[in-house]
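For reference, chains read A, B, C, D, E and F in written order, and residue numbers begin at 1 within each chain.
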Amino acid sequence: MVDVGAKAITAREAVAEGRIMTRPDVVRLVSSGQAPKGDVLAVARVAAVVAAKRTSEWIPLAHPINLAGVEVEVRAEENAFHVVASVKTVGQTGVEMEALTAVSAALLTLYDMLKAQDRSMTITGIRLLSKSGGRSGQFVRKGGHTDAHRDTDE
Amino acid sequence: MVDVGAKAITAREAVAEGRIMTRPDVVRLVSSGQAPKGDVLAVARVAAVVAAKRTSEWIPLAHPINLAGVEVEVRAEENAFHVVASVKTVGQTGVEMEALTAVSAALLTLYDMLKAQDRSMTITGIRLLSKSGGRSGQFVRKGGHTDAHRDTDE
Amino acid sequence: MVDVGAKAITAREAVAEGRIMTRPDVVRLVSSGQAPKGDVLAVARVAAVVAAKRTSEWIPLAHPINLAGVEVEVRAEENAFHVVASVKTVGQTGVEMEALTAVSAALLTLYDMLKAQDRSMTITGIRLLSKSGGRSGQFVRKGGHTDAHRDTDE
Amino acid sequence: MVDVGAKAITAREAVAEGRIMTRPDVVRLVSSGQAPKGDVLAVARVAAVVAAKRTSEWIPLAHPINLAGVEVEVRAEENAFHVVASVKTVGQTGVEMEALTAVSAALLTLYDMLKAQDRSMTITGIRLLSKSGGRSGQFVRKGGHTDAHRDTDE
Amino acid sequence: MVDVGAKAITAREAVAEGRIMTRPDVVRLVSSGQAPKGDVLAVARVAAVVAAKRTSEWIPLAHPINLAGVEVEVRAEENAFHVVASVKTVGQTGVEMEALTAVSAALLTLYDMLKAQDRSMTITGIRLLSKSGGRSGQFVRKGGHTDAHRDTDE
Amino acid sequence: MVDVGAKAITAREAVAEGRIMTRPDVVRLVSSGQAPKGDVLAVARVAAVVAAKRTSEWIPLAHPINLAGVEVEVRAEENAFHVVASVKTVGQTGVEMEALTAVSAALLTLYDMLKAQDRSMTITGIRLLSKSGGRSGQFVRKGGHTDAHRDTDE
C-alpha cells in the first residue's frame, strides 16, 4: 500500500455512477411500493453508505479513510435503476474508490432484492464522474453526467 | 431477511462475470508485469475471494453463508479485463450474490490498482451466467458465457 | 466459548423487544416523514438485520451462527419507538443473543438519527420475549408481549 | 451520511450509562468469582471497547471515528450491573454514539454470560450522561449521573 | 479457495500453541496483578476467541467456519507466557488455522499490553500440536506438548 | 484503551519481522511456482496489508489507526520464509502493533497455503525491528535486522 503520509490534508470529493438494467415491469413494481422485500431503494441507499465506509476492506490496497460525508441517490429509469454516489473526506488520499464502492454495493443490493423477479439483470456503467482535491487536481469525465445514458456505446 | 430455514440443504453453485474497460496500453502494462503496484491480477483474485466470503456484510438482506469453494479467473482482453467467479456451497440458500460480489470486488480492485494509468475505466456487464441447486432450479443465461463479448450491446 | 458441538441441530427461534423513549413531537416528526435524516424506521430495520447477522462480533463469547431469517418491526408509540425482532436459525445453538442484538442496534440507530432533536432519549426494556428449540426448551416471558408497556415498573 | 467535513477538529468526549437488571443471587455469583463462564466483568469491559471502536459498523449513518480513548466501568449493584462508558476523540464529529454503543455491547455481553442463570434479565436506562466538544456545546443530563437510579421513572 | 463441498461433515478439533518471551520481571508484574493496563491474561484470552471466530477474515483463502467451541489457556512461565488454544467444529474443513490464529492473537495482545514494559519481546514457537477429524486423519506433533520448551531446537 | 488524545500528531513508522520454518523442499516448491494453491507469496503479502489495516480488530485495546503506507517483503530462505513488514502513519499513536500484525498474518497465510505439504511448520521470531516517531523516541533492536537468523538462540 503506497505511502501517502507526505501528501497534503485537503478536502476531497468524488462522484461515481452506475446502473442496473432490468425489465420495465420490475421498475414499476418498485416504484409502486409493491416489491415483496419492502423499501428496495431505501435499503440500497443504506447499503451504499455502509459499504463506502468500509471500502478498505473490499479493496486490498485501498487506504482506510474516515469519510466526512456520503450521499446516495437511486433513481428509477424506464428499464434501469441509476445510482449516483458522492463521497467527501478531509484527508491525505482521494475517495474515488469509496464512491465506486458505494455505487457497486447499491447495485448489488438492488439485484439481491429483485432477483426473484428478474435473474437477468445486468450491472453496467460503473465509473467515476468527477473528483476534486489532492495533487492530481480536478477530474471531470468528458460527456459527463448528462451523457450517462450512452455509456455502453463507448 | 426472508426465512430460509425450511429450504433443503443442497449443493449449490453460481457463476458470474463482469468486465472493466480500459485502454489497450494499460492492459499491456499489466500483461507485461510492469504495473507499478505489482501483481495486479493476483491481488484482484484475492480480493474476489475475500469479498465473496463476506457478501452478507455488503448486502444488507443477504443470508450469511459458509462458502465451500470460490474460483476466480481474471483474463486480459484487448481493451478490458474479464472476471469470472464461480462459487459453491452446501446449504439452504443460493450463492449468486456471492458470485456477483466476487466479480464486483475484483473489478473494483483492478480499478484501484490501475487508476493512476486510466481514470476513465468503466465497469460493465456484471451479471449471472448460471446457477444450480435449490428450488428455483437451473438458471443458464441465454447466449451465456460464449456471448459475453457482446454484453454491452444489449 | 463453550463447546456446542454435541448439541442437536434443530430449528430455533427467539423474539426480543426494546424501546427508546422520546418526546411526542419527535415521534410525530418521524411519523410524518419530515425527519431530516430521511426514512428513520427503514434505516433502523436494516441496522437490526445487519447487526443480528454479526452478533458474534459484538459479543465476545457468542457462537457464530448463520441466521435463516430475521424480522424486525419498528412501531411508533406516543412517546417511544418500540422494536420487536424475531430471529430464526437451524443449528446447534440458540439465537436469543441475535434477537437482543438486533433490537439494540435498531434502538441505537433510532437514537443516532434523532439525536439532533432530542439528546435525552433513553433506551429501555431490552429483553427476551420468547425462545424455542434446543435443550432448554420453550421460554416465554411471564406477562409477555402484551405487558410490554409496563416494563419500566419492574 | 451528513457532511461533517467543515466542522472544527476539536477534542470531544461523551459519557453514557446503562443497566441490566437481574436477581441478587446472580449478582452475588459474579461478585464471588463463581460464574461458570469465568471473569464476566472483564469480558464485558473488553466487549465495550471493541464495539466502541467499530460503532460505525453497527449504526448505518454513523461516521467512522478513530477513538483516542475508551474507559469502561462495570459495577455490581444489588440486583443489577451498572455500566458507564467514557469515550474520547479528537475529530470533526462527536462520540456519543460510541459511548452508547460501548454500554450496549457490555450489557449484551453480561446477558450472554449470565443467561444460563437468568433468562429474564432486562437491559434498561441506556442514555447519554454528558457530552463536550463540538458546535452543539456541552450537554449534561439533568439529574445526571447521581440520579441514575431513578431513570425508569421518567 | 479450494472446494470442500464434497467432504464429510465430521467433528473436528485442533490444538496449537505459542510463546512470547520477555523478562522475568515483566512476567512477575502480570502475575502480581500490577500491570498498568489491567487483567492482561483475561484480555488475551478474549482476543484469542474473538480472532478464532473470524479466522477467514485474516487468512485470505481460509474457509469460513462456524466454530462450536474455543478454549484458551494463557500460563506464565519464568520468562515467557505460553498460550494453548483448542478449537472445535462440526463441519467440512479442519480448524487448525483457527487454533493457530487464536494463539497468534493472544500473543499479539500480550505484546500490546506489555510493550511499555518491554519492547524486545519475541513471539516464538507458534505451531500445531494436534488435529483430529477429517480425511487426513489424526495429526500429533512428535515430542508434542510436553516437549514444547525445546521447539527452537528442531 | 488509554487516552492518546493529547499526544502530538507526528509521522510514525515501525518495522517488524518473523519467520516460518519448513522443509527445504517446500521452499523450493514455492520458489519454482509449483505450489498447488498458486502464488503463495503474493497472497501472503496481500494478507499482511489487509490485516495491518484492521489491527484494532485483532487486538482489543489497540487504537484504530488510518495507515498511510504498508510494505511487506516475503523472502525464501533455505528452510524458512522470512517476512518483514514496514508500516507508516501520521497520527497520535505508534504502529508497532500494525507491523507485528502484518507479519503474523503473512506467516499464518503461508502456513495455510502450505499445510498440505508440511503440518510441522513453526512460526518463530516475530518481533519489532525498529520504531520511530512519538514520545518514546527511536527504538532499534540490538543486533537488529542482520542478526535475525540468530533469534531462536535467545
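Assume a contact is a pair of C-beta atoms (placed from the backbone, for glycine too) under 8 Å apart; a residue touches a chain by one contact, two chains touch by 3 or more.
Note that the structure is a prediction, hence the values are computed from the model and not measured.
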- Message: Which chains sit in contact with both members of the pair subunit A and subunit E?
- Response: B, C, D, F
- Item | Reference subunit A; chain at largest CA-centroid distance | E
- Task: Kindly point out which of B-E, D-E or E-F repeats the A-B interface, defined as over half of the contact pairs being the same residue numbers.
- Result: E-F
- Item | Between subunit A and subunit F, centroid-to-centroid distance (C-alpha), Å | 34
- Query: Per the centroid of Cα atoms for each chain, what is the distance between subunit C and subunit D, given in Å?
  - Reply: 17
- Query: What whole-number Å value describes the gap between the mean CA coordinates of subunit A and subunit C?
  - Reply: 30
- Sites on subunit A at which at least two other chains make contact: 2, 43, 46-47, 50, 54, 57, 60-61, 66
- Hey, which chains are touching each other here? A-B, A-C, A-D, A-F, B-C, B-E, B-F, C-D, C-E, D-E, D-F, E-F
- For the complex, which residues does subunit B have touching subunit E? 11, 46, 49-50, 53-54, 66-71, 88-90
- Message: If we count contacts the way the header does, which residues on subunit F are in touch with subunit E in the complex?
- Response: 2, 18, 21, 37, 43, 46-47, 50-51, 54, 57-62, 96-97, 100-101, 104-105, 107-109, 111-113, 115, 119-128, 131, 139, 141-142, 151-154
- Item | subunit A partner contacts - residues on subunit D that touch it in the complex | 1-5, 56-57, 60-61, 63-66, 91-92
- Query: Okay, in this complex, where on subunit C does subunit A touch?
  - Reply: 38-39, 42-43, 46-47, 50
